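Here subunit A shows up in two complexes: once beside subunit B, once beside subunit C.
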Partner chain A sequence: MTQLLLFNVTNGLIIGAFYVLMALGLSLIINLSGVINFAHGGFLALGGYLAFTLSPFLGFWGALLVSPLLTAALGLVLERLLIRRLYGRDPLYSLLLTFGLAFIFEDATRFVWGAQGLPVTIPDFLGQPLSPDLFFITWYRLFMVGVVAVSVGGLFLLLRHTRLGIRIRAGTLDLETVSTLGVNVGRLRALNFGVGIFLAGLSGVLAGGQLGLDPTMGAGLLMPSFIAIIVGGVGSLPGTLVGGLLIGVASGVTAVFLPSASEAVMYVLMALVLLARPRGLLGEEGLMT
Partner chain B sequence: MSAAGRTGAPVPLAIWVLLLLAPFWLGPVGGYTALGTRVLVLGLAAMSLNLLLGFTGVLSFGHAAWFGLGAYGAGLALKFVALSTPLALLLGTLTGGLAGALLGALIVHRRGIYFAMVTIAFGQVFYYIAYRWNSLTGGDDGLRGFARQDITLGPWHLDIAGNGTAFYYFVLTCFAVAVGLMALLLRSPFGRTLLAIRENERRARFLGIPVELHIWIAFALSCVFISFAGALYALLNNFADPNNLHYSLSGDLVIMAVLGGMRSFWGPLLGAAVFVVLQDYVSSLTTNWMSFVGLLFVLVVLFFPRGLLGILRRQGTA
Partner chain C sequence: MTEALHADSLHTYYGKSHILHGVALTVAEGTVTTLLGRNGAGKTTTLRSLVGLTPPREGRVVVFGQDTTRWPPFRIAGLGVGYVPEGRRIFANLTVEENLKVPRGRPGPWQIERIYALFPRLAERRGNRGRQLSGGEQEMLSIARALLLNPRLLILDEPSQGLAPRVVQEVFAIVARMRAEGISVLLVEQNVRMSLAVADHAYVLDDGAIAWSGPARALAADEARVQALAGATAEEWRAEAR
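Right, the complex of A and B next:
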């Protein structure tokens, strides 16, 4: 029983780490641009599929780096052509637009790569378990957590110490003032969007290595990310981090006792948070309400 | 109901005449009666959503949940409670309406993007429940094994189970009652207050209007209306499946409202008609309906953000 619980908590943390990576990208875009990017799941799937196509040429490691970059490049193009027009309008419109994009993404992936699931080949040694005692943790899972930790650490360093990061944080609080101070807000939003989509692409490659690829994978992972953001508090990146890990562990532990409720428990958690602390665990009142 | 008021009586009158005669002209133009019934039901759903979207200015993106709960409520009532169509409608409406009112109380303090995200996420709870609770809901295959029943009122017998045209008129009657109630609601002081909240929430608050209470009541009423539509939808198909609860249907309903014109009373019905007819036509031509509908979303947002009626009205005043 302890073994089982340990297994599921670890599992939950790993899945939670994964939700965090996806949700942080979404969160960045929501905070600075007020856009709920429904197509985030589509970008995620695209990242995974590009890795599938590229890995025979670049190997797993090359694909791990290049496909998120390509995904981000496509994100920048779509931001420039479509999403940029909707900044400052009712969030309804950007939500509908990205919703439509999500449909097109899913259909396009199905058209190009087929409806059947595909694997992303990972290096052999990553597929091994850590040890016979810890049979349930493969090196790949540990590697996933490592990549997430590095990315999250990198993101927070970027936000804290670089000029771009400081501007993003300032823009989240008061975009108008940042603009008055001579910052090119259009470019700032574009870069921020690109960073968010890069994280989505990276999540896609990681997810592909663990779960395999299928056209609906992005849509399935979108809801947990939303819940992670709401639980942590819309507007707070550390909140998203906490929220993601929390719902991962909660659904992992629930899977031990009541497997069929492992999805529902996230929603229960969200309802409880909204009851007890409507702004979210680390959210600030007045910001993004 | 400033929208209908401004265009004057002819437009609503024309709509009612078209709806009343639908079974006669749908065939000759290449349609069929069940298509008309679908338009009515989804139009009613989009109009219910528009009470919030267009008239209160609150972005709910999870309304399929209440629609689907209405559908499952009606189906389960027919299957397990009694073979009665009115009872199914009543129980379906209550299921979605009560659930909406309860969850609505949790989320009315949020606004804008936050509200949209919470409604999307909560909407999915019911999808997972319907998907997982196989023994009750039939899971992924959907709820089967029920059928709408004829209605007998004293000497009158309505053959809505077998006769599609009779069912169309039954749905049209239900539609008329619901839409009439909505129009009354929007004309009442309560409805005017909702408009005030939409236009300037802060000013409404300073005038002493309990904004959260109003939004909560509007949310609950919108849920009641849309679950009524959902119950009708289950009766139309004699079937309910988890997709009735999925957020992609919520998106479809929002796009119907936007496409038709969410600032007008009848806009969502027009949007639903265009959407349903396109869906019927395009999915007979290609399997890539998803790309098509995705493209429709993008084009509507970029080129018709005011909706069809919005454009017409602009040209009318220009």
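Right, the complex of A and C next:
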């Protein structure tokens, strides 16, 4: 029983880590540009598929780095061509456009790579369990959590200590004033979008190694990521981090006792949090933004 | 004398409402120019038109010889136009130090260390978040932030609004200091007497058009006009208090 619980808690944490990477990217884009990017899951899947295609040439490690970069590059192109036109408009337009993009992504991956699930080959040693007792924790799972921790840490350092990050945080509060201080806010938004998409691509590669690839893999992670943002408090990135881990674990634990409710529990959790704290757990004004 | 800024027949709208009806004004290089007028006359809109935030639908803005009418705000700032907006609009979620890292650094004498020397209070509070600052400190931060652009033209929108008299003195001392540094200043103010004391040239804006312009000294000498300008605002203050 303990082992079963432990297994599901770890599982929950790992799934939660995916939610966090995905949700942080979504959050960055919502906070600075007001665009709710429903195509985020599409970028995630693309990152995974690119890793599948590239790993025969670059190996797993090369693909782990290059695919998110390529995904981010495509993100920058789409931002330039399409997303940019949404800024300052009614949110309805961003829903329409990114929803459409999500469908295009899904069908394009299906067209290029096929509808069947594909495996991403991970290095052998990562596939081993830590020990016979902890058979359910492979080195790969630990590695994933490590990569997520490093990326999240890196993101927070970027936001705290670089001019780019400080401007992103300032722009979250008052983009107009940032522009009068000589900062090209168009470029700021583009870079911010690129960082968010990089995180999506990275979670795609990681998820591919764990769960395999599937054209709809991103769509399945999208809704929990939105819930993570809302639970943590819109506008607060630390909140997004907490929210993602929380709903991951909650759904993992619920899977032990009532497997059929493991998805519903996220919504219940969201409802409870919103009843108690309508702004989300850490949704105080501008905690870190 | 060369011109830091020249605006010609500006017509600016907010949506369908026509706010500016052909505003024209000039800031000569190295001088302080003040733009006065009662609330709702269009002072802030004029400034927003000049810095690119609310571009005029008609008319022309020339900054240091360049036609900037259709430029985005960041390019106008890049020419060396510092803007201290109404209500200060500091970044409340950032520390003082972080606030000072937002502006694009143009080369020039104004670097963070010199800013801290001019505003020792900001140096003391460099680790505090914007929202923890007093009104006076926020105003200093807002000015400091604009100075880091190393502006050749500084545009201030009601910097003394809501500040204690001692701090108001300090703000006007800074404006005078800027002129001494060779920075041209365009100052929008409610405090008519102090603005006229520091300014070289004055404009009076009424209903979105320039109603009077001339040397600040001439306007200051015209007690009836000063009374009308200052009185109008005093009446509005009383109205707001009610």
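Definition applied: the second predicted complex is superposed on the first by the 284 of 289 C-alpha atoms of A that agree within 3 Å, B and C clash if a C-alpha of one lies under 4 Å from a C-alpha of the other, contacts with A are read in each partner's own complex, and residues count from 1 in each chain.
We take it that a contact is a pair of C-beta atoms (placed from the backbone, for glycine too) under 8 Å apart; a residue touches a chain by one contact, two chains touch by 3 or more.
Everything numeric in this text was worked out from a predicted model, so none of it was measured.
Novice: Looking at A:Arg163, would you say it contacts subunit B, subunit C, both, or neither? Reply first, second, both or neither.
Specialist: In the superposed model, A:Arg163 contacts subunit C only, not subunit B.
Novice: Who wins on subunit A residues touched, subunit B or subunit C?
Specialist: So, of the two partners, B touches more residues of subunit A.
Novice: Touching A:Leu82, do we find subunit B (first), subunit C (second), both, or neither?
Specialist: first
Novice: Pick one for A:Asn184: touches subunit B only (first), subunit C only (second), both, or neither.
Specialist: Second partner only.
Novice: Please work out whether A:Leu118 is in contact with subunit B alone, subunit C alone, both, or neither, and reply first, second, both or neither.
Specialist: Neither: A:Leu118 stays clear of subunit B and subunit C.
Novice: Considering only the touch criterion stated at the top, classify A:Ala271 as touching first (subunit B), second (subunit C), both, or neither.
Specialist: A:Ala271 contacts subunit B only, not subunit C.
Novice: On the A-aligned overlay, A:Leu69 touches which partner chain: subunit B = first, subunit C = second, or both, or neither?
Specialist: Neither partner.
Novice: Once the structures are superposed on A, label A:Val256 by its partner contacts, choosing first (subunit B), second (subunit C), both or neither.
Specialist: Neither: A:Val256 stays clear of subunit B and subunit C.
Novice: By the touch definition at the top of the document, which applies to A:Leu173: first (subunit B), second (subunit C), both, or neither?
Specialist: A:Leu173 contacts subunit C only, not subunit B.
Novice: On subunit A, what residues does subunit B touch that subunit C touches as well?
Specialist: Shared contact residues on subunit A: 288-289.
Novice: Over in the complex, which subunit C residues touch subunit A? Could you list them?
Specialist: Residue positions touching the partner: 51-53, 72-74, 77-78, 83, 85, 89, 91-94, 98-99, 101-104, 106, 131, 145-146, 149.
Novice: Write out the stretch or stretches of subunit A touching subunit B in their complex.
Specialist: Answer in residue numbers: 30, 34, 36, 82, 85-86, 89-97, 99-108, 111, 223, 226-227, 229-230, 234, 260-261, 263-264, 267, 270-271, 274-275, 278, 288-289.
Novice: Could you pull out which subunit A residues touch subunit C in their complex?
Specialist: These residues of subunit A touch subunit C: 163, 166-167, 169-170, 172-174, 176-186, 285-289.
Novice: Which bits of subunit B are touching subunit A when the two form their complex?
Specialist: 53, 59, 61, 103, 106-107, 109-114, 116-118, 120-122, 124-125, 128-129, 132-133, 248, 251, 254-255, 258, 288, 290-291, 293-298, 300-302, 305
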